[in-house]
Amino acid sequence: MKKLRVAIAGLTACSGCQLSLLNCEDELPRMLELFEFHYFPMASSPALMEGEYDAVLVEGCLSMPHEKELLQELRRRSRYLVALGTCAVCGGVAALRNGEEREQLRQSVYGENQVASETYEPLPLHRVVQVDAAVTGCPPEKEELLRLLAGLARGVLPVAIDYPVCTECRMRENLCLLTERSALCLGPLTLGGCSARCPSLGVPCEGCRGPVPEANLAEALEIYAEKGFDKATVRDRLRRFCPEWKL
Amino acid sequence: MNRDLPIPAVISAIRPLTVDTSLVTLNTEPHHPVASSFLPGQFLELSLPGAGEFPVSYCGFPSVDGSIELCIRHIGHVTGPLRTAVPGDAAAVRGPFGHGFPLLAYVGQDLLLIAGGLGIAPLRSLLLALLAQRELWGRLTLLYGARETGALLFTDELLELQNRGMVELQLTVDHLEHCFDGPPYCRVALLPVLLDQLDLEPDRTCAAICGPPVVYPLLVSRLRQLGLSDDRIHLSLERRMKCGVGRCGHCAVGTRLCCVDGPVFSLAELAGIEGALG
Amino acid sequence: MAPQYIANHNLPLLLERLRRYAELHGPVRGEDGVVRFAAIAPGTLPDLSALRTLLPPKKYLLHPQETILNYTAAAGYQLQAEDVRSLILFGLHPCDLAGINYLDRVFLGDAPDPLYAARRATLTLIGISCTPDEFCSCHILPSPLNALSDLFLCSVDEGLIVTSGSPRGDELLDGVKDLLEEWEGAVPEDSRRFFGHAEAEQVRPEPDATLPEWQEFASHCLGCGACSLCCPTCYCFDVLEFCGLDSCSAERVRQWDNCLFKSHAEVAGGTNFRKERAERFLYRYRHKYRGFGPLQGVPSCVGCGRCRVVCPAGLDLRPLAERLEGRPL
């Protein structure tokens, strides 16, 4: 079987998503039989983009002009473009302060020092290029990542999940932290696929996987209000990973 | 026969029919019911290993040599990857499932087949079955419409049948592509308009319909105006038939399951069911 | 013959004796306070005071996510093989028994589902009477009253009257007969329930799709899936296929689904036959109170009350059902 030619790139992000791929140590040998990781600056040097790719996986959001160029270049060269991780899918933590004055933000971080590069409000990938598939999460689940790669190797894209974290939480027969502990658990609004990793450990969902389709924000806000959480608190929590929440 | 276990099949041919639709021929075990004993309108579940499984209506005629013809639009999660399959690739099949068109009830009747878009697939199967025993039925009429001429399927085959006097054929398209003046055999009108000038005897005519849900309400009301009773109108409904055997719960129409009670229903069976026609 | 009776103080002995036949599971309260069907640890008692477990016993028969087929290039698709162990489920309330009976009708019908059938064959069901709370509606539904089990325990003062409902039940009774006494007292009129009555099943017309209630439900529903995941009879499943990290192998998986999810009625190309959540509530209603396909006319609700208890938005289909069905539920 012909190896799939793959590029893996990181934009504005912490590199954790790429790292979670490298952390699949048991599976790496099998991956190398299926894929030629041709362009993967984080894992290999020198990294030169060349020719066409069967798939590119892109971590991070866009916050600098050169990133946009890089992304468009990758898009042009690749059959499939996959958004890898929450920053790429919905902006993520880098976009936490979107909507605020950028010059003030810059000064609060760097003071009067000069910052080398020009930046703008971080954007998720889909605002700039067509995204064929997305693996969300901060970081993505290993299992989901491996399934994505295994599918790509055969030209199959993952089926989009359409249920919230609550679904898998109930499947695991967990205590409901929202209804039984009155915790600010974002499970009902957050895309599932993580097997309710945090609530299963007694930690309320932080919303790291971004919004579930058809999220019922109005009802959730009412329930949170009954538990004593005002709209601003919920908004801040929700926007930590996804600035595009409208509330 | 284990209805849960797909049996191996090999893709023997993929013939592109339009930009997004192919005629796929599979070969499976000779004499297996999945290929040899189905009624037009029934469906099978086709697996592409690694991609998944999807329900698809039979498009051809039952065979004893294990060959199966399917007309597939490559727009789904599994049908997409199927587009790049090549002869010799492995597939798997389960079926036949559901209820097809009621051939026995059609004996001695005039038959009016109405197909919209990809709905021609099961109706081609029905047409082939009817032609195989041509003497059992009265008039055979096929009304077939698509978005544009490039989306009409099997036109050569259908025009050949018309020329041989086997079927009265009327083709129509919603609109013409810029580059065409329109072929002489094809009208430019919405499918239900073809019924306007149709001369039929409602007491001895049965209608078999398959098309996108959007055309059903208009077709049905037009057929009723022409005097056809609801038990003379059969429609094939599309739903998400994931298991094919009445267990997965996705394909109910009212309280009927498309996979076991359908996908072909008489209009009388669908009476009072909100949303049944789309 | 007088009814057989086991005194409450002999319950630990009964459990130890049952353990010789198979692994023993029953309602167990976890440290987090959640009551789940789980293994009853030796020397401990199940929580027989709990009215309902979070998940119903369907989890033993249909796992939340399970492989149903395996594919290899050499062998094609093969049914998933599983080592099933014998299991006694102890302390099933009539609603949960009815739930299993209903699933049996779906999955053990003309062509039994292989995994379900294999697991079901190794299950022994021991039911127990209970007293409903305000969330329950079992006492008005026919199925819990008529539910089948291998053994059924009916609470009376100081103990449990034991009746057998199958040859397996007879076998177990025989094995514990030294623990049984003859019950001299009165047996409650309905040996399963302390109150309640069955209504005849009726075929009713389609519910009115234009009722404002469907929209009202939709506006409050979070789409979390809890109602059906926790329902003893909701069996809808999605089917997924995953490739192995090689050039050919694959597995097919089914997982619990919910009719309120967006994709439930979506077909290839993006057409959604139940685009609006309100339409999905109508779908859910039909399934719960009217039944689908071969079970048309058989309500699948067994009145356990779980959907009402677990809904974060406190949604309750029952008042509407009572109005549409014209009787209390």
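Order of writing sets the chain letters: A, B and C. Residues in each chain are counted from 1.
Everything that follows uses one rule, which is that a contact is a pair of C-beta atoms (placed from the backbone, for glycine too) under 8 Å apart; a residue touches a chain by one contact, two chains touch by 3 or more.
Please read these numbers as outputs of a predicted model, since none were measured by experiment.
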- Message: Comparing chain centres built from Cα atoms against the global Cα centre, which chain wins on proximity?
- Response: C
- Label of the chain whose CA centroid is most distant from the centroid of chain A: B
- Query: Between chain B and chain C, what's the gap in Å when you average each chain's C-alpha atoms?
  - Reply: 39
- Item | Separation of mean Cα positions, chain C and chain A [Å, integer] | 37
- Where chain B touches two or more other chains at once, by residue number: 50-52, 77
- Which chain C residues reach two or more other chains? 240, 243
- Item | Overlap residues in chain A, where contacts from two or more other chains coincide | 150-151, 154, 156, 159
- In their shared complex, at which residues does chain B touch chain C? 2-8, 47, 49-54, 73, 75-77, 79, 90, 92, 213, 238-240, 242-243, 245-250, 252, 254-257, 260-261, 272-275, 278
- Note on the structure: Within their complex, chain B touches chain A through residues 50-52, 77, 80-81, 84
- Note on the structure: Listed in rising order, chain A residues that touch chain C in their complex are 1, 27, 30-31, 33-34, 146-147, 149-151, 153-154, 156, 159, 162-164, 166-168, 170-176, 178-180, 187-189, 202, 212-216, 218-220, 223
- Message: With touch defined as at the start, can you tell me which chain C residues reach chain A in the complex?
- Response: 30, 32-34, 36, 54-55, 59, 64-65, 219-226, 229-230, 240, 242-247, 255-256, 258, 261-263, 277, 310, 312-313
- Please give the residue numbers of chain A that touch chain B in the complex, ascending. 150-151, 154-157, 159
